[in-house]
Every structure is written in C-alpha cells, then in structure tokens.
Amino acid sequence: MSFARICRKERFGERFVCFELEERDIASQARPGQFVMVRPGFRVFDPLLPRPFAVLSANDDRFSLLFEVVGKGTELLSYLEVGDVVEVLGPLGRGFSLDARFGILLAGGRGLVPLVFLAREFEKRGILFSFFLGVRKRKDLALLRLLEDLPRVLWSCEEAVSGGFCGTVLDLVGKCLERALWQGAKIYACGPEGMLRELATVFPGKEEDIEVALEARMGCGFGVCLGCAIPRRGGGYWHVCSDGPVFRLSEVVL
Amino acid sequence: MNLSVTLGRMTLKNPVVLASGTCGYGREIAPYLDLNTLGAITVKGLSLFPWEGNPPPRLFEVRAGLLNSIGLENKGVERFLQEDLPFLEALDTRVFVNIWGKTVEEYVAVARKLDAIERIDALELNVSCPNVEKGGASFLLDPEALRELVGRVREATGKFLIVKLGPKLQDWEVTVRILEEEGAEALSVTNSFPAMVVDVERMDFVFAMKSAGLSGPAIKPLALKMVYDLVGMTELPIIGMGGIMTAEDALEFLLVGARAVGVGTANLVAPSSAVDILEGIKAYLLRKDMENIEDLIGRVR
Amino acid sequence: MNLSVTLGRMTLKNPVVLASGTCGYGREIAPYLDLNTLGAITVKGLSLFPWEGNPPPRLFEVRAGLLNSIGLENKGVERFLQEDLPFLEALDTRVFVNIWGKTVEEYVAVARKLDAIERIDALELNVSCPNVEKGGASFLLDPEALRELVGRVREATGKFLIVKLGPKLQDWEVTVRILEEEGAEALSVTNSFPAMVVDVERMDFVFAMKSAGLSGPAIKPLALKMVYDLVGMTELPIIGMGGIMTAEDALEFLLVGARAVGVGTANLVAPSSAVDILEGIKAYLLRKDMENIEDLIGRVR
Amino acid sequence: MSFARICRKERFGERFVCFELEERDIASQARPGQFVMVRPGFRVFDPLLPRPFAVLSANDDRFSLLFEVVGKGTELLSYLEVGDVVEVLGPLGRGFSLDARFGILLAGGRGLVPLVFLAREFEKRGILFSFFLGVRKRKDLALLRLLEDLPRVLWSCEEAVSGGFCGTVLDLVGKCLERALWQGAKIYACGPEGMLRELATVFPGKEEDIEVALEARMGCGFGVCLGCAIPRRGGGYWHVCSDGPVFRLSEVVL
C-alpha cells in the first residue's frame, strides 16, 4: 500500500467524485480494466476494508479515479480535499484485451470508468470504436464531460431528457446498432449486473467476443482472501480480483 | 535485540505470524511484503481434495469488522504441493499449514501427506471454522470427538502440532486437558467468531449459510480476553490472534502471555500490515529499553 | 400501523426498550427524548444496598465498541423507590427494573421489595454482568445455582420475570430448559461481552478488574447470532440487544425472531437514539407496506 | 443531540483547533465551566462516542470550542471545515461559581478553555481577576491570541522562550503571587491532573476556595452511564458530567 496525494478533485453531477492522484508506480503501470484499492487516510477502522475502484486514466505520475457515493466508504472518501492523502494499492487484476479491430463500448452509470480508459487507449492505438453510455438520472449526464472529446459517443437516460434518448443503454444499442455493425466488433461492457446479464440476449452468439468488467464484494483485492468469488461457467468459482475483473462473457454465470 | 520466541520445541525468529486464510498460499501476498522478515506464514486451510467453498457473497463488512463465509475453499493438498510448495521451499521463514477435513480420516490423510514434506514446519488443525458444518466447530462442542481427532492426527505426524480454537468452546478446562493429553504442542487462539447479518431490504440473510465468521478489530477485546484466560489454564504456548491491526494490538496479546501473534484481517486491509506490526514491536522494545522480547511475554497478568 | 408486541402476558406499545445501565433511572435521560413514545424503559441494575461500583477508569473506547467496568454502581432499592419511583409513576410506558445481588438472598430481597410496587411492570434478573465477581456471570456457569436463583426469585414475585443472559452461557440448551422450568417469562439477550484491554505504555491492564464488558456496534453480529440461536431453542419471548445503533440494526433482530429490542450504548452516543430507531422502524413498515409489526417478527429464519 | 454548522475554523499553533458553531440553544444557555459532547458528522462508529469539550465562548446564536488534537476523535474533528456539520449535545454539567470578589485563573494548556469563558464573564460583571497560562511547548503560545484583550495575563512555557518565564504555570504563580494576594481571592483552575493535584500545596488552606474543572473519560455526558466516576473526598464517587465538571478542590481526591 502506498500513499497518494489528491492533486485534483472534481464533482460530476450529484453523486460522482473524481480524484486525480499522484502515485508514479500505479500511474505508469495501470492498464484499462485494472483497478486499485483505496482507503481514506483517516486512522479509523470503520470503514475497515479498502474499496476497489477502476482506473479512469493514467499518465506519467498521476492517475484518476471516479466514484459514485453509495455508502459509508465512498461518502468518507468524498469528504477528502486536494492535498489530503489516501492509501492505495495497485494496479490490480487483469485488464481488457486490446486486440480489437473495432470496439463497441457499453457503459451503464459508473461502469463508464474503465471504458473511458479503454477508449483513450484505443484512440492512441488507432482502433476505431463507438461509446455508448446509459445513465439513470438526468443529473448523471454530467458524466458526459468525460467523453467530450471522444468521437462516436451515444447516450441514453432513464429519465426523460429533451433531445435525448430515453431508456437504458441496451435499449439504445438495440435501436441503433445493426447486427452487421456489431458482428465484426469486439464488445466491452461495464455496468450493473442486470445490464451485463442481458448482453447475451442483445448480442446472440457473441459471448466469446464480449468482455465484461465485473464488480464483487472484495476483501483484499490481490487474491488471498477468496472473498470475491463469482460462478464460473462449467462449475466452481472465479475470483474477480485475480482472475478478472475483466472476463469474457462466455466464462462466467451472471 | 532478540526477537526470537520459542513455542515448545519450535523457534520462530520473531513472534509475527501470518494467519491462515489471509495470505493465500504465500505466493499471492509475496509481492507486497518480505515474507522472510516474519516469524511464520500459515497457509490457507487445506483439505484432502479441492474444495469449492461457499457461494457468493462471501464477505460483508460490518462496523470495524469483517464477516466471511469463504467456506474453506482450497485447491486440495496435492495441487498445493505441486504449485505452491516450490515457492515455500525457497523461503527463509517457518511454514505452517492449516488443515481441515470433513471426517477424522480426511484430517489424518492430509496430515500424513504433509508429514512427508520436510519444508513444512508445523500443522495447524482447524477445529473451529464457523463456516462449514463438518470439519469445523463441531469438534469443539464434542470433547470425545476432539480427543479422537487430535489423537489420530498426532499418530499420523511428527510435525509440530498446533490446534486452532474458536470461541465456541464448550468447557474450556476440559478442552485444554484433552489437547494437552493428546499431544497438541501449541494453540492458535482464536478463529473468527460465529456471527450473523440480515439484509433488511431483501428480508433475508446476507449469507447462504446464514451465519458467518466475524474477524477484525471488532473482536480484538474478546480475543484478548480468551487468550488471557487460556494462558492461565495451560502451559501450552499460545499464538494469539483476533483483530490485530497495529503493533500496539500485537503487544497487548504478548503482554498477557501469547508467545506469538497472528495477523489476519489486517493483511486484507493492507498487505504489508504484518511487517509494519513487526517494525512497531521493535520500536516499542527500543523505546522501553528492552533487549529481549521474552521479557515482554506474559508481563501483564 | 400496529406496533404493539406481546411478550407472553406482557404487551408493549412498541418493541423499542431502553437497556439497563444506559438510561439511568429514567429522569436523567428524560430531557432528551419522550420516554412515553417507547415500549419500555429498563432502569439501572439495583441491589439491596447502595453499591459504589468499580474505581475509575470505568470506560474505554475500542474500535466500534465500548468497554465498561461500571461494576453495577447503584443507589440501592430504597433510595430508588424514594427518589425515582415518583418520576416513573407519571410515565406512560412500561417500567422494567433490572436487579442483581451478591447472593441469592439479596436477589430475592430486592425482588420482594419491588413486587410490592404496582407501577413496576417487570423485573429483569441480571445474571450476566461481566464486571462483578458475584451477582453476575457466575450463575451462567453453574446450572444448579441458576436454577435456585430463578426459582427463588419466581417465588418472591408475581411480576413479569425477565432473565438477562450473556455470552458466557455454559450449555445453552440446559440453561434455557432451566429458565423455562423455573418460570422465567422472557429473556434479554445479550449483556455485554467479557473482554479485555491492556495499556501497552503503562504495561498494565486498563481496568482495575482486568476485564470489562464490551458493548456497542462491535458485538452486533455476535449478538444477532445469539438471538437467532436462542429463538430456535425456546418459546420464551426474547428482547434482543447488542450494538443496536440504527433502525436497520433493530430490524435485523426482529426479523430473526426477537419480539422486542433493547437500545444500550446507542443512548450514550446520542440520547435520542431510541426514538430515532423507533421512527426508522415505522418508516420501514410504511415502505414495505406492512400494517403490523408482528408480520416482521421471525420472518427471516 | 442537535446539528451545528461550523461557521469559523481557526488553528492555534500546531495542535489546537477552534471551531465557531451555530446552535442557538447551546449558545444562549452555556455558562463558564460547562461543556458539550461533540461527534463529527460522519456516519461511522469508529470513533464511537461523542467527545466532551468545554465551551470557550458563547453569544447569541453561536458558541466556540477549542480542542487539542490528541487522538483519533479529535483528529477526525480537525479535518472538518467551515460549512461541515457536527452533532452536539449540551450545555452540560455544573459550571464555575461566579461569586468571587477577586479571581485567580490558572490554566494549564488546553485547560484555558473554560477559564477564558469565565474571564469574559468576570469582565462583564466587573469582577477583577488575574489570568495565568502555562503551556508546554513554545508553539502553544499561539493560544495567547485568545487572551489578547484581557488585562493581567501572565504566562509561562516549559520550553525556554526569550523574554518569557520558563516553567509551569504553578512555578510562575509561586514566583509572583504573594500569599496576601491570593488569600482573599477565589481560585479557578483547569489543566493536567498533576497540576491540579499540586494546587493544595501551592495554596495551603484554600481548598474550599479553589474550583477545578476536571476531565474524565466519559460515555454519555449527561449522567446515565456512571462512567465518569472520580473519587469523592470522604468515600464513594462523584460523576464528573453531572456533579461537575467543576468541583471545589476540597470535594475531590485527585
């Protein structure tokens, strides 16, 4: 675990906070889809465990995270300000494969985090992609700021927004992505479990070419506690932190 | 400064031990701390055959504590010997192997297999896992079953034999006498505590097994009391554990008479915890102008 | 919405009870919440004669928990009747009186005196205080002593009789059968847990009595498991407690089958906690569209 | 318990933080020597209990606290900023008597807090007094800012300070207060236990006229837990929160 200073803090809408953190090792090693474990620097034991967050971006000696305030850990983190220090461990886990010819990136809510990193990497490598983002509430559209300079971004919102598509990201995809378009593509998705479960129906026969970044309740984040088990296709369990968090859809039971 | 401690015929270079189930088979945690600086590492509980463990969710954080229902998932003794022993062979620290079985025979079979492996310094018999019906806490509720188990394992191995207790002890004096008589050489105290959590929104238990094991800071004052009580009941050396997060926590256990300390949940919170704890113990000895860690052990009774 | 619950022949207007030792004799906490909104208040443990309690320090905060070694300080039953009963007389809620003694005779004498007081709705026998040598947990370790105690108190009073248990139970099934046979009408589960803390700088115990009682959030998952287990063992109604800080905590206890809940340490954290918890329970019932709190009790088993 | 917004935050030296809090009831009722219980507004249970702090000043709808960062509770509080909210309960306890003709106020370190409040009250009532403050470290002299506009302030420091008295506050008092001066006075003291214990020696025969504001580990702060016991002269215990925190020296065993 190392200490990282918060050097930028930005809020997106009501529930999302973005930190830019100074930590050279993580910044230089992180790859899209990997995550870090983070604890607020208070010396207290409630909350106890560090929390896992996907890496949003990384360059030189800084990397960024973006998190949704959902419980006490993220609430406490959201109180921290520029100059405060957090404990971080990472980069951890197995990231996305980067060998696509064409990518379709599907993000539900905070699921956009690892996909934004992936999109930047695709840009660097000249890999073409489309980015689909679905959010629940109008206010969450603040997240679009993260995608401003990306080409081919489409979004949807479950609350009605004038001039916007109303529905989930998969509704949106269903409306505007024809089979011909996705058949040659590799699909990368991150979002709520319900959304990921539906992918198999929306993209029949593509399970081998869909990579999903999963969440699980974690203890350690590096493979010792065996707490982050999820069912493996064919029996037994994967461990999200060490076998994932990115899996082919064909490998897991959601 | 002399940090080495003896547990009966076993010597550790210092009293800090990684507790079972929180450091994998060693390799997984190795990138984050220098294992050779520690007194010992206790690998994840092994059974005769690979074991899948419990369905998710397996973890739930409570206030200052962690509930786990891993259910003793492990790769089985054979794969452990193939995949992990070579890494452990190269270590310069004690290697303890935690074992469990669904029957006495399984315990014995695992003990036999490990008895043959020179590199392994001790077997730790888990008779107190709160998360599986057999192969666990039931032995603590039935003195005669416990006697048979420990006696049979004792016959099967010449290794240093540790028995890992939990709070579900029926009658402590009786249990301790049995363990002494049957040849246990040290006690690990304590395993996690039987505990429960309900998801009020879903109106259901969080865990498929309903109950789970509580570990971490929440149990420290309870574990310390258990260790204190047991130190008063037996000459068997005790490895104290339960919620040790800092050097001060570890020192509390040593002061009441534990001869070594186990670091468990703290490894999940920060994988270098055990090393930080050891450094803190050293700093304390320096500050208190004590040359020998033995001078500390059992000083507060 | 019907919040009232029955514990055998006793009816409470709602299941939220103030736990003994954390609300004084009622008057002290009254400025901070409306006692009449609660199901019952349990006053501080009374003995036959005034009792000084333990020397300071009496409290020590641990992670998400509180260690106390109050040692049952109280003004004795006579002064209580003079000074505090008039205030309690005016209340519109159930009044439970927690009692203890150093001998069976003392328990009986206190019970007799209180039996004569119409306003008192129930006696709660403390047989599980971790902080005094006699008059406490020792009864839980000796089934026959417990049988005598409860039997003799039962003879001495016609009041609703609650027995307050702690985790030091020897054999639960045996204990529960004795309590049933001897006429206990409800169980309070649980008292604080025997625990310990060492001051490593001073190299001494923090508390003069060495051990102390752990309460608060740290013990909640353990207390919940105890209550769950005991609900499965007896028909006696159970007042569940241990670390209840929020409405969700209280709901967990009700869902596993407690028929009422005790709020203890939370009163120290914020004196209006019990009322907030009650409001939270109401909000939950509304949200879940449940008319009757009875529909909740024991729903998760 | 009520919620109070931090409307001013000021640091004094390295270890002291002062909050001005908005809470009308406490502000209008607090008297010198009384205290409040405070919790940071994070919804976590480590730290668990609220912490007791003496009232530094109170007027209209605001009151102030000043605390030393000594452990995890005060550390967490020190992270709070203007606009954040804390939970407070009070005012609690029995304050100083205000019937002196002449007052000698003796403060050791953070013990100055209730005495500053008392001094202001004496000023209002036209009661004459001298204020003695002793601090341990040079940097703690920042606390003198609180006493700037008071007359007759004397101070000492245990670290050598050029132009200052080197020693404890009682050394200082011994040097410059003659028996004639203190004999007709009422003495008010707050500070470390060792200092309070020494008072009986420094002012022989005055135990009835010395009021000390004591600290004890507290649970509730309002008399229900019986946790804050201290030995009573003549046997038994006082409870600091409800019988005190101000006691006559003759009433207690220190």
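When the chains are written out, they are named A, B, C and D in that same order, and each has its own residue count from 1.
Everything that follows uses one rule, which is that a residue touches a chain if its C-beta (ideal position, glycine included) is under 8 Å from a C-beta of that chain, and two chains touch if they have at least 3 such contacts.
Source: prediction; values computed, not measured.
Steps from chain A to chain D, taking the shortest chain of touch contacts, total 1. Contact count check for A-B and A-C (C-beta pairs in contact): higher for A-B. Averaging Cα coordinates per chain places chain C and chain D 36 Å apart.
Distance from the chain A centre to the chain C centre is 47 Å, each centre being the mean of its Cα atoms. Across the assembly, chain D contributes residues 44-47 that each touch 2 or more other chains. Contacts with at least two other chains are made by residues 63-65, 217 of chain B.
Taken as a contact graph, the chains are fully connected, with every chain touching every other chain.
Every residue of chain D that touches chain A in the complex is listed here, in rising order: 42-47, 72, 75-76, 79, 81. Within the complex, the chain A residues that touch chain B are 1, 39, 45-50, 87, 89, 216-220, 222-231, 235-237, 242. The touching residues of chain B, counted against chain D in their complex, run 63-64, 217.
Residues 21-24, 28-29, 31-32, 44, 52-53, 55-61, 63-66, 68, 70, 73, 216-217, 245, 265, 267-272 of chain B touch chain A in their complex. Residues of chain A that touch chain C in their complex: 44-46.
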